[in-house]
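Below are two complexes that have subunit A in common, paired first with subunit B and then with subunit C.
Up next is the complex of A and B:
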C-alpha cells in the first residue's frame, strides 16, 4: 500500500529526474542526428539558394531545374519508377507475407530464409547479376537467340523495365517483412469464423484480410517507394545512359560537373517527393483509421 | 609495483611506435587501378621506395574528376599527398587555389618537359604522360583500315559502335573532333559535332562510362570500333588481340595526364620528390615502355614499335588539337544537357 502511494506521488526531486530521463535518453541520438543529418540538410538547403561565384542568394538553380526540361523529366522518371517498384513489391510480397504470417509448417522457415536471402548479397552484386541475365548479350537473350525464338536481342536492359526488376528484387524483403507484421496482427479467428459461416477462401482474403492489412500495404508501398526513389546503384547500372533518375543525376552534378548548388536543388526535389508521398500515405491511413473508429463506435 | 611496470611497458610501446612511424616517411598517392596500378607499382613506385626509403600507400579509388571533387569538398585536404589527374583538373584546381604550384627549384626535372605540353597543365600540374584519342577497331571485322573519324558513321558499323558516356572525357573529345571533322571548331561552334554524334549514337549499341567495360565489347567482338586512349589501345594490340588503332587524318586531342599536390597535403616534400623522380629520363623511359604512352620529355628513348604511333607536340603539332581546357570546363554543363537531349535518345 505504501509502495503504491509512493509510485502515485513521487517526491519532487524524483519527478524532476523522471521528467529529464526521456530527454537524456534521447540526447545521444539527437546529437548524432543534428550533426550528421540536420546540419548537412540545412547546408544543402542553403547551398541550393546560393549563387556559385558570388555566394549571394539566388533562385537561379531552381529556375534551371524547372526550365531545362531534363531535370523535370528525371523527376517524373524517378516518381514513375518508384511507383512501379512500390506496386510490384507489394503485389509480389503479399502472398509470401500471408504465407509466412499464417503457416505453421516447417516450410515457413525455408520460405522466410528465401524471402530474406537477397539481403545476404550486396546491392551492387545483385544488380550485376540482373545485368548478366537481362543485357543484350545476357542469359535470356542468348537463350532465345540460340533457340531461334528471336532474331535480335530483346531490349531487356538499359531501360525502365530493367531498373524496376532490379529494384523490386532489392526492396522485396522489406516489403514482405512490413506486410507480414501487419497480417500477423489480424486475429486468425476472424478468418475461421467467416469460413465457418460459408465464406470462400478468396472471399475471406478479399473482405477480411485485405481491408485489415491496409496499414501493412501502405507501409510496404511507402518503404518501397522511398527506397527506390533514393537508390543509386541499380538505376545507374541497369538503366544505362538513357535512363537518368534524380539519384544518378545528383551523382553526376556532384562528382563530374561539380555544380553542388544545382545538385542540392535536385536533392531537395527528391526529398520533397519522398516527404510528399509519405505525407499522403500517413494521411490516408489516419483518415481510414478515424473512419473505422467512427463506424465501430456507431455500431456499439 | 604492478602500476609502475604497466606504465613502463606503455612508455616502451609508445616510444617504439613513435620511432617506427618517424623512421619511415609515408607518401599517399591517389591514382588509377587496373593495368595502370600494376605498371606504376613495378616501374615507378618500387624504384622510388628503394631510392628514397619512403613508403608509398597506393589508393586506387576514384577517377580524376572524382578525385578533384574530393579535393574541392575538403578544401585541399583530401587525405592523399599526391594525385594523378589530367590537365583540366590541374588548371581548375590552380584557379580555385586547391593545388600547390610546382616550380623547378623544388622539382628540377620540370625543366626537361617540352614547353608547349607542360604549359597545357598550368602551374600546378606536372605532365608525366601524354596519350591521345585514337580510333580503335577490329582488324578481323572491318573490310579496310579506317582513316577518318567519319568511319564511325559508315553503314558497315551499324550497331557495331559503342560510345563513352558524357561523364567520360573521351566523349567530350570525340564530340569536339567530330565537330572539327565536319566544319566546326573545338569550343565555339560545336553544332556540327552534335549533329554527327546524334547520327553515331543512332548506330551505336549504347553508352558505357568505364573504359574497362568499353574495352570488353571490342574484346569479345560484339563491337567493331570505338574511340579509345592510344595507350590502352596499344596494350590490347600487345596482347595479340585482332585490333588496331589509328590517329585519324583530321587529327586528335591529347589527354595530358598530370601529377598534382593538394594544398593541404601532409607530405609535400615527399610528393615533390616523387614527381621529380617520375619525370627523370630513366623513369619516363620505363613508364613509356610499360604503359605504352607518350611522354612530355623530348629526350627519352622510345621503343621502336611505339615511335611511329605516338604524337608529340613538336613534329605532330598540326595533328594535335589543344582545346582551351578552362573554357571547355565552363561549357561542359551546357554540352551535357545538349548531349542528353540530342545524342543519347538516338541510341537503340
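Up next is the complex of A and C:
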C-alpha cells in the first residue's frame, strides 16, 4: 500500500531546478560515514593483513590468533557465553511474552512497563546492581552467610555465571519483544479449539503454541546472541580478569598491549562471528518465507 | 494437572519479573543507604550520596556527556533527515543501494567500530582529535543509521495523497516540504533525535576507546570507578542519570514525539 502510494507520486514539474538538491542533501551523511566508518574499517582490515615493520602483506597475525591458545579460548568463551545468554533470554522471556501477547486486563500495561523499563536505565546501572547482588560481600552471599547455609562466600562474580546473568538481564527486553510479536501472530482460536477438544494446558503449549512460535524463538535467540557477543561493559565489570571475552580482550590489546594488528584480528574474529550468526538468521527467514508462500499460495 | 501448569506459569512469570526489577531496586536502595552495599543491617536512609553529586568530579563528566549528546543529536538529526529525504522522498537513482550504505554501520559491533576509529586516528596522526571531537564523530556514526531509518520509515508511511493534493492546489516544492512533509514526519524526526541523544549519552563500547583523561563521559567515568570500588555515590550517579534520561524523554514527548507517532502520523 505504502509503496503503491509512493509510486503514484506525480512527476514534479519544477524538478529540474532542484535536481542537484537531493544529492547535496545526501552527501554530508555519506561523507561522515566514509570518513569515520568505511575508511577506518578498511584501514583496520588492511592492518590485520600487514606486517608491522615491513608493511608487506602477511597472515602472521591470523596465524598467531589460531595458535597462541589464549585467543581461540577467548573466541570459544564468547560463543559459549552468547549461546547461554540466548537460551536463558528465550526461556525466561517466554512466559512474559506469552502473558503480554494474550492478556487483556490492565495488568498487561503494568507487566509491559516492568519488562521494558530496564532498557531506559542503561547498561551501567543494571550491571552495578548485579555487582552489588553477586559480589563476595554482596546481597546473596550476605543473606546465605546470615542464614548459615554457607560458611564462606560463594564465587558468584568475576566468572561465566555472573556475565551470563548480567547479559541476560540486559538483553531480556529485546527477547521478550520478538517472542511477543511472534506469539501475537498465533490465532488464539487454535488454542481454544484444542482446549475444547480436551487437550490439557501442557498439551496446548507443547503441540500448538511452541511449534507455531518457533520463528519468534529463533529471532529471540539470534538477537540475544549478537547483543551478547558484542557487549563490552557487562563482561568487563562482571567478568573482569576472571572471564575475558573477545570484546574485553580487544580493549586490552588496544589500550594495554598497544598491539594494533592483533587487536584488528580479534575485531575481525568478532565481526565474522556476528556476520555468521546474522547470515544464519537471514537464511532461516528467507527459507521460512518461501515455505510459507508455497503453502499458502493456493489460497491466494 | 491443568491447575499445576497454571500455578507453574504464574510462578515463572513472577520470578522473571522479580529478576528484571531486582537490580534496579538494589541500586536505588544502595543510593540511599549509608553503607557501601545493600546488606541485612538495619536500614537507615541518607541523602548524602546525592549531595555529593554536586562536585566537579561528577558534574564535569555529566556536562561533557550532555554537551556531546546534544551535538550528536543535532548533527545526526539534520544529516539523517536530509539523507532520508533524498533516498525515500526524492527516490534518487540507486536509492536501495544508498539506503543499505547508510544503514551498513548497524551490522558492525560497536566495539569493532570503536577499535577501527581509534586505530584510524592514531595511524593518520590525529591523536589530538581524541576526546570530545572523536567522541562526537563516533557517536554520529553510531546514531545516524538509526535516525535515518526512523525518518525514512515515517516518510514512507505518510499519506502521499496529502503531498499530491498540495501540489494540485499549486504549492511549490519548498512550500510542500515546509508545510506538508515536515509537519507530517515531525514525530519520526523527534523520536530519532531523542534516540540519538540517549544512545550517545549512555554509550560505552565506542567511548571507552576515545576518551582522554580529563575529557571523559559520564558512563566511562562511572565504569572506571566501578572497577575499583562499589562506592554508593555511584548508585546515586546512576539513579540521577536515569532520572535525567527519563526527563529528556518526557520533554521530547511533550514537544510531540512518540505517542503522536503511535496515534497519528503513520497509518
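Operating definition for what follows: the second predicted complex is superposed on the first by the 239 of 300 C-alpha atoms of A that agree within 3 Å, B and C clash if a C-alpha of one lies under 4 Å from a C-alpha of the other, contacts with A are read in each partner's own complex, and residues count from 1 in each chain.
Heads up, the rule we're going with is that contacts are C-beta pairs under 8 Å (C-beta built on N, C-alpha and C of every residue); 3 or more make two chains touch, one makes a residue touch a chain.
Everything numeric here is computed off the predicted structure, so don't read it as measured data.
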Practice task
Please work out whether A:272 is in contact with subunit B alone, subunit C alone, both, or neither, and reply first, second, both or neither.
Solution key: neither
Exercise for the section: Applying the touch criterion given at the start, work out whether A:241 contacts subunit B, subunit C, both or neither, answering first, second, both or neither. Expected result: first
Practice task
Report for A:137: first if it touches subunit B alone, second if subunit C alone, otherwise both or neither.
Solution key: both
Problem - First, second, both or neither for A:158, with subunit B first and subunit C second - result: first
Exercise for the section: Examine A:256 and indicate which partner it touches, taking first as subunit B and second as subunit C; both and neither are also allowed. Expected result: first
Exercise for the section: Identify the partner contact of A:69: answer first if only subunit B is touched, second if only subunit C is, both if each is, neither if none is. Expected result: first
Practice task
Please indicate which partner A:123 is in contact with in the superposed arrangement: first for subunit B, second for subunit C, both, or neither.
Solution key: second
Problem - subunit A residues touched by each partner, larger count belonging to subunit B or subunit C - result: C
Practice task
Residue by residue on subunit A, keep only those touching subunit B in one complex and subunit C in the other, then list them.
Solution key: 137, 240, 254-255
Problem - Contact set on subunit A toward subunit B in their complex - result: 68-70, 136-137, 155, 158, 240-242, 244, 252, 254-259
Practice task
Please give the residue numbers of subunit B that touch subunit A in the complex, ascending.
Solution key: 65-66, 68-69, 72, 165-167, 205-209, 220, 222, 332-333, 336-337, 340-341, 344-345, 347-348
Problem - Sites on subunit A touched by subunit C in the complex - result: 1-3, 5-6, 8-10, 12, 14-15, 18, 21-23, 25-26, 28-30, 32-33, 35-37, 39-41, 43-44, 47, 92-93, 95-96, 99, 111, 114-115, 117-118, 120-133, 135, 137-139, 142-143, 146, 169, 172, 200-202, 205, 226, 229-233, 236-237, 240, 247, 250-251, 254-255, 260, 263-264, 267, 270-271, 274-275, 278
Completion exercise
Counting only contacts in the complex, subunit C reaches subunit A at residues 1-2, 5-6, 9, 12-13, 16-17, 19-24, 26-27, 30, 37-40, 79-80, 82-83, 85-88, 90-92, 98, 101-102, 104-105, 107-113, 115-120, 122-123, 137-138, 140-141, 144, 148, 156-157, 159-161, 163-164, 167, 172-173, 202, 204-205, 208-209, 219, 222-223, 226-227, 230, 234-235, 238-239, 241-242, 245-246, 249, 267
